[in-house]
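First the structure, then my questions, so here it is.
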Amino acid sequence: MFKKQLLVLMSTVLLTFAGNVIAAKEPIKFGLTLDYTKAYVFATPSFGQAIEDYVKYVNMKGGIDGHPIELLNSDHGNEPQRGIEAYERKKREGAIAFEHLSTPVSKAVLPKAMNDKVVMMQMLTGRADAADGEVFPYIFPVSPTYWAMAANIIQYIADNVKDIKKAKVAFTYLDYPFGQEPIPIYKALSEELGFELKLFPISLPGTDQSGVWSNIRRFKPDYVISWSFAQLHNIAMTEMKRNRIPVDKYISVIWISKNDLKSYGFEKAKGVKRVEGVVTGTDSPIVQDILKTLYDAGKGSGPRENVGLLYYMAAFTEMVTVVEGMRLGLEKYGAPLTSEKLKMGLESLKDFDAKGLMAPITITPADHQGGGKTRIAEWDGSEWVPQSDWNAAYSDLVWRVIKEHSAKYKSGQ
Amino acid sequence: MFYRQAAIRHTSYDQTKKLYPIPFDKWLVVAVLLVALLAPFAMSGLYLNSYLLPWVIWSTAALSLNLLMGYAGQIHLGYAAVMAIGAYSSVHAMRLGAPFEFALILGGATAMIIGVGFGFTALRVKGLYLAISTLAVQYLVDWVLTHVPAIGGGTQATLQTPTPALLGFEITTDIGRYYLALGWCAVVTIFMLNVKRTGLGRALIAVREKDYAASVLGVNSYYYKLIAFAVSSFFGGVTGAILAFTFFGAVTPEQYSIDISIQILAMVVVGGLGSVLGSFFGAGFILLAPLFLNNMVTGLAEAYDFGVSRSVISHIPLILYGGLIMLFLLFEPLGLAKIYDNIRKYFLVWPFGFSRR
Amino acid sequence: MNISESAGSPKLLSCEQIDRSFGGLKALNGVSLSVSQGEIFGLVGPNGSGKTTMVNAITGFYAPDAGKVIFNHQDITGIKPYLIARLGIARTFQNLALFKGMSVLDNILLGRHVHMKPGVLSTALYWWMARKEEVANRQFVEEIIDFLQLQSARDEPVETIPIGLQKRVELARALVAEPTFLILDEPMAGMNQEEKEYMARFILDARDEMGVTVFLIEHHMDVVTGICDRMVALSYGEMLAEGSPKEVITHPRVIEAYLGGSH
Amino acid sequence: MDLDWWYIGELVVNGANAGLMYSLVALGIVLIYKASGVANLAQGALVMTGGYVVLALAYDAGLPMWLVIPLSMVILFFFGMGIERIALRRMAGQPLIMIIMLTLGLEILLRGIVPAVWDRGGESPIIPLTLPADSIFIGDMLINTSYLLGGVIAIFLVILFVYFFRTRIGVVSRAVSDDPVAAWSVGISVERSIALSWGLAAVVSAIAGALWGSIQGVDWTLSLLLLKAVAVAILGGLDSIIGAILAGFMLGIAENLAAGFLDDIVGGGTKELVVASVILLTILIRPHGMFGREDIERI
């Protein structure tokens, strides 16, 4: 008994150094290196759970054309250095694609992935200008970037105020790259549409917001757009109440989910809005199937409550898209699947809606975003109710900014 | 046995001042150097890029900080900021068209000038105040990097590093980048080894130990503290630039955050204050132990399914840094270097261990 | 009460009307003294009489409140200690100020600091720039080590050797600077009779062979009176007597200070 | 530009209250410094630990608030004493730089262990101090009730500590910090006095943890209060309790005014800038702070 344990122990020790060598029918390896400790912990557990769930599900159904998917998991703690280590390790273990869910890590790994020609998914994180597939051939946002979301929020505001020219929009954001990123879009839109824009930076870690909200109160905005996440919304809403700003003026970036409203109170949070790129809730057939095949059988990768929440669904949708890209790659170019074939597979996605979970996207070698359609949803006390159709607003302007930035990158800046 | 001292007779002062008076030490160093030189050819990209290369770079950083902390006895809680200054200045210099060699030196010089500037502030006061003011410097630099687009790179807060080129040869391969880092590491190492045996090192230690006694020997303690600040900052700046050019390929504020400062501090303390060898040990330990531990705990958790939450696993590096700093300070203030030294001393007289007191 | 100085030899150091107080306490009150080239000069007095304060005033640790220190025709009042050291004044401390963690040899080598030009560049380019200097200075240090019979302790960490030897190391460190003026602050404190005699011998040798002028501070009278050429006695910051050892120890005020004070 | 006095008033009042809450954190640093001459860089992590303990008692054990606060103070008191007994005491006689680094190691260690032990899956719950979230408006001036409460408690505690230092134990502590050897020789237990200071500093951090946790939620970010506390302690003079309170008051107002007027222009983060500058300027101009003893800091 003890011997056997020792053997397992030794082999795991060995494995951790040598990498897993499990030979099935040519598994397709996907590197999932996430941040379980620092800035992204609010989302990481559900995010990882969704990806693991869907991979299990696909494998149970016989994999992609017989090829199972293997996830190579690890933690990078939002540190560029550890992210690079994890990337190098997984790459060596044969991963052909990566998701990091961390802006700093994505940015640090990006030059390496480009150099190594390894596909890097960057759902909701990383460089927004990576939508330009011509400059970033191996980087795939395949979902609306922050810039697309920012534009859509303005569209929603324009639709809901009397006159956008006289509207006042407050933009409050975490004062580091994640929050600063949409500023160029807002500035460009403010110039074009004529609304008054004022910026309210919140310094890290974002827990001290009292001064910011005093200023917002004085600004008397029609809407407040917020680029922060998780419990920081709580603090924001508490401060809004203090300052007697109605909570329904609050429009958040995608990072707010039902769980985040819990400690503020579901009822009190009524009217909060968010921009979303995927369908949430458990109504869709594919999610029902996941619940049935995995969770009813006790094989779920995490708590059942997480299924259907935003962070879960975002990751789930991404993985559905990746798997579809893998399938197309295998179908068109044959096994074994390589990064390059996956890239071409992803680039041949056409009107793909991830089994009804998002607005259809079409990826081309030039466009790695695929449409950038999002919608605004409002919290009604128990769930998020869509307020608009899938929409990609001001996409000319967004693409202009994308091109400006990617050109800068290309020219070596 | 190994470190045989018998039959070694030094016949001149010059010989006793050699870096490695005992032949075994010398051959050990030669062997390590050979391994370091040949490693990239025997090693996969993974080990080269994510273990050996960062180890070499962080050892250099730890060495540079050790000059200030180990020799001059000044705590620096913002060393990553010093490295950031070097990295950003050299990246900007290259983007403006400066050749790589010049950009490196410029990076070091900028870090030195700013470092010494703050040194002037800090050196008027005792260790504690110095520590706190360097912490403040870290915050100031962080702020500048994230709020001055001309320096930090604007919206994306990322600047890609241009391709480094030595004497006109572009360095594009992993091996080339590794040699670049190794070369710089060798320069700093040799300097630090020399410090041990020259008047500079003695003066620094004198100032650290008893500055009043140093002053009656004609040692200007203020001047030597500034020298330590200047040289350490210069080395730190260049190392920061090397880190950006060879490892990250880009500069972002996160690469030089307060956490990194603490990490280097831990390397120095765990490795051994004032020890060259210790800096290598400390950097290796602090850098690689969490990686291995993390991978191992994850592997074990998967094999046994004992459901350690990932969140708990992921806190291990922090616990390790903090715990090790405390344990070493409490039980072996001279760090890993001292432990090595004890072993070495044991073998110096082996098998006649009883001859020692 | 100016008593005649040793005739012929010029004054090397003279202090004029030195005042120094700490808070309300007057540690030195108008003390004047002068030391001639080549003599061994003793400064004696009971504990707390201001002897060490006097030395600190000379070596620049605290500038006197009033008065002047002239060394070698140069006003050195209030100059920083490290600059004073460069003028050729060396000193030891009452309660040892060796550098822990360094070997005896390195401690003594530090004494050569004023004769060396340690720098960053010379350290980096040791083989080309520093080696010769290091070796040359090492040679000089070895001579002093021989002179003070410290050979056996040379490579020991300084904190591990007996106090008596440590005192000798400190003397060696002061001597390697080749000072013209050497201040010894209670070099025999805590020593037994034999050690004291050794030390006295070394001090005399240092003067005779190296031509150093010695300024000796002692609490005890016995040895000092034996080797000093001239003495000054202090008590509570005031000068009691000046002159040859014999004159000083027989001076009524000195006797009173020593006996009266302790009785 | 005409000044909006209501606005300035609001910035000043809320800043002052927040500043007094920084003083609360700084108080821990000052207490330990007074007793042992060591600057405790683990104070931030102690406050975080306090927050987590309060949270665990309130949420996990489900105790009522009136019981949670005193109970957590007791727990933290022994925790602080324990730290001194296990770690700090062994360092007696070591160079100061080593001891400072030990507290820094402790800060890092606690920041790793505590959130791992009370893993909340990424949530940072707010401590329910049952405060009305609604605020008081005077004219157009908003007064934040949470900060107000924090400020009042801070002042109350300071009065308590000033009084404490007049008692016998206080006199003993003072004697120890003046001259440990002398204190020793007249039969005062130096160790006990230092241990007591650690215990008290930890008690203060329980309160600070609860207050700050009720405003910004409990997670590792509470430990970042260290920088502000250090700035307050330095500005006030490391060994002055009154100094800590006044400095907190001033720093709170200064950073709030700076953020209110400058964030717009420079793009955020001015509070950190003010804090860092206060540290540097204090050290440059008046290292012993406003009320510290002058002999404590020069080379």
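Order as written gives the chain letters A, B, C and D; numbering starts at 1 within each chain.
Rule of thumb we're sticking to: contacts are C-beta pairs under 8 Å (C-beta built on N, C-alpha and C of every residue); 3 or more make two chains touch, one makes a residue touch a chain.
Computed from a predicted structure; not experimentally measured.
A.B. asks: Supply the minimal count of touching-chain steps required to go from subunit A to subunit C.
C.D. replies: 2
A.B. asks: Relative to subunit A, which chain has the most distant C-alpha mean position?
C.D. replies: When every chain centre is compared against subunit A, the largest gap points to C.
A.B. asks: Using CA atom means as chain centres, which chain is nearest the centre of all the protein shown?
C.D. replies: B
A.B. asks: With centres defined as the mean C-alpha position, give me the subunit B-subunit C separation in Å.
C.D. replies: Taking the average C-alpha coordinate of subunit B and of subunit C, the gap between them is 41 Å.
A.B. asks: How big is the gap, in whole Å, between where the Cα atoms of subunit C centre and where those of subunit D centre?
C.D. replies: 49
A.B. asks: Measuring from the mean C-alpha position of subunit A to the mean C-alpha position of subunit D, what distance in angstrom results?
C.D. replies: Subunit A and subunit D have C-alpha centres separated by 38 Å.
A.B. asks: With chain centres defined as C-alpha means, what is the inter-centre distance between subunit B and subunit D in Å?
C.D. replies: 33
A.B. asks: Out of subunit D, which residues touch more than one other chain, so two or more?
C.D. replies: 121-122, 267-269, 272
A.B. asks: On subunit A, where are the residues touching two or more other chains?
C.D. replies: Those would be 41, 44-45, 175.
A.B. asks: Under the stated touch criterion, can you name all the chain pairs that qualify?
C.D. replies: A-B, A-D, B-C, B-D
A.B. asks: Which part of subunit B faces subunit C closely enough to touch in the complex?
C.D. replies: Touching subunit C from subunit B are residues 12-14, 17, 190-191, 194-195, 197-203, 205-206, 209-210, 212-221, 227, 230-231.
A.B. asks: What residues on subunit A touch subunit B, complex-wise?
C.D. replies: Contacts found on subunit A: 8-9, 11-13, 15-17, 36-37, 41, 44-45, 48, 73-75, 77-82, 84-85, 88-89, 91-92, 104, 107-108, 110-112, 115, 127, 129, 175-177, 180-181, 183-184, 405, 409, 412-413.
A.B. asks: Which bits of subunit D are touching subunit A when the two form their complex?
C.D. replies: Contacts found on subunit D: 4, 7, 10-11, 14-15, 18, 121-126, 133-135, 142, 144-145, 147, 215-217, 219, 221, 224, 256, 259-260, 263-264, 267-272.
A.B. asks: Can you name the residues of subunit D that touch subunit B in the complex?
C.D. replies: Answer in residue numbers: 39, 41, 87, 90-91, 94-98, 100-102, 104-113, 115-116, 119, 121-122, 227, 230-231, 234, 266-269, 272-273, 275-277, 279-280, 283-284, 287, 297-299.
A.B. asks: Write out the stretch or stretches of subunit B touching subunit D in their complex.
C.D. replies: 73, 75, 77, 118, 121-129, 131-133, 135-137, 139-140, 142-143, 146-147, 211, 221, 262, 265-266, 269, 309, 311-312, 315-326, 329-330, 333
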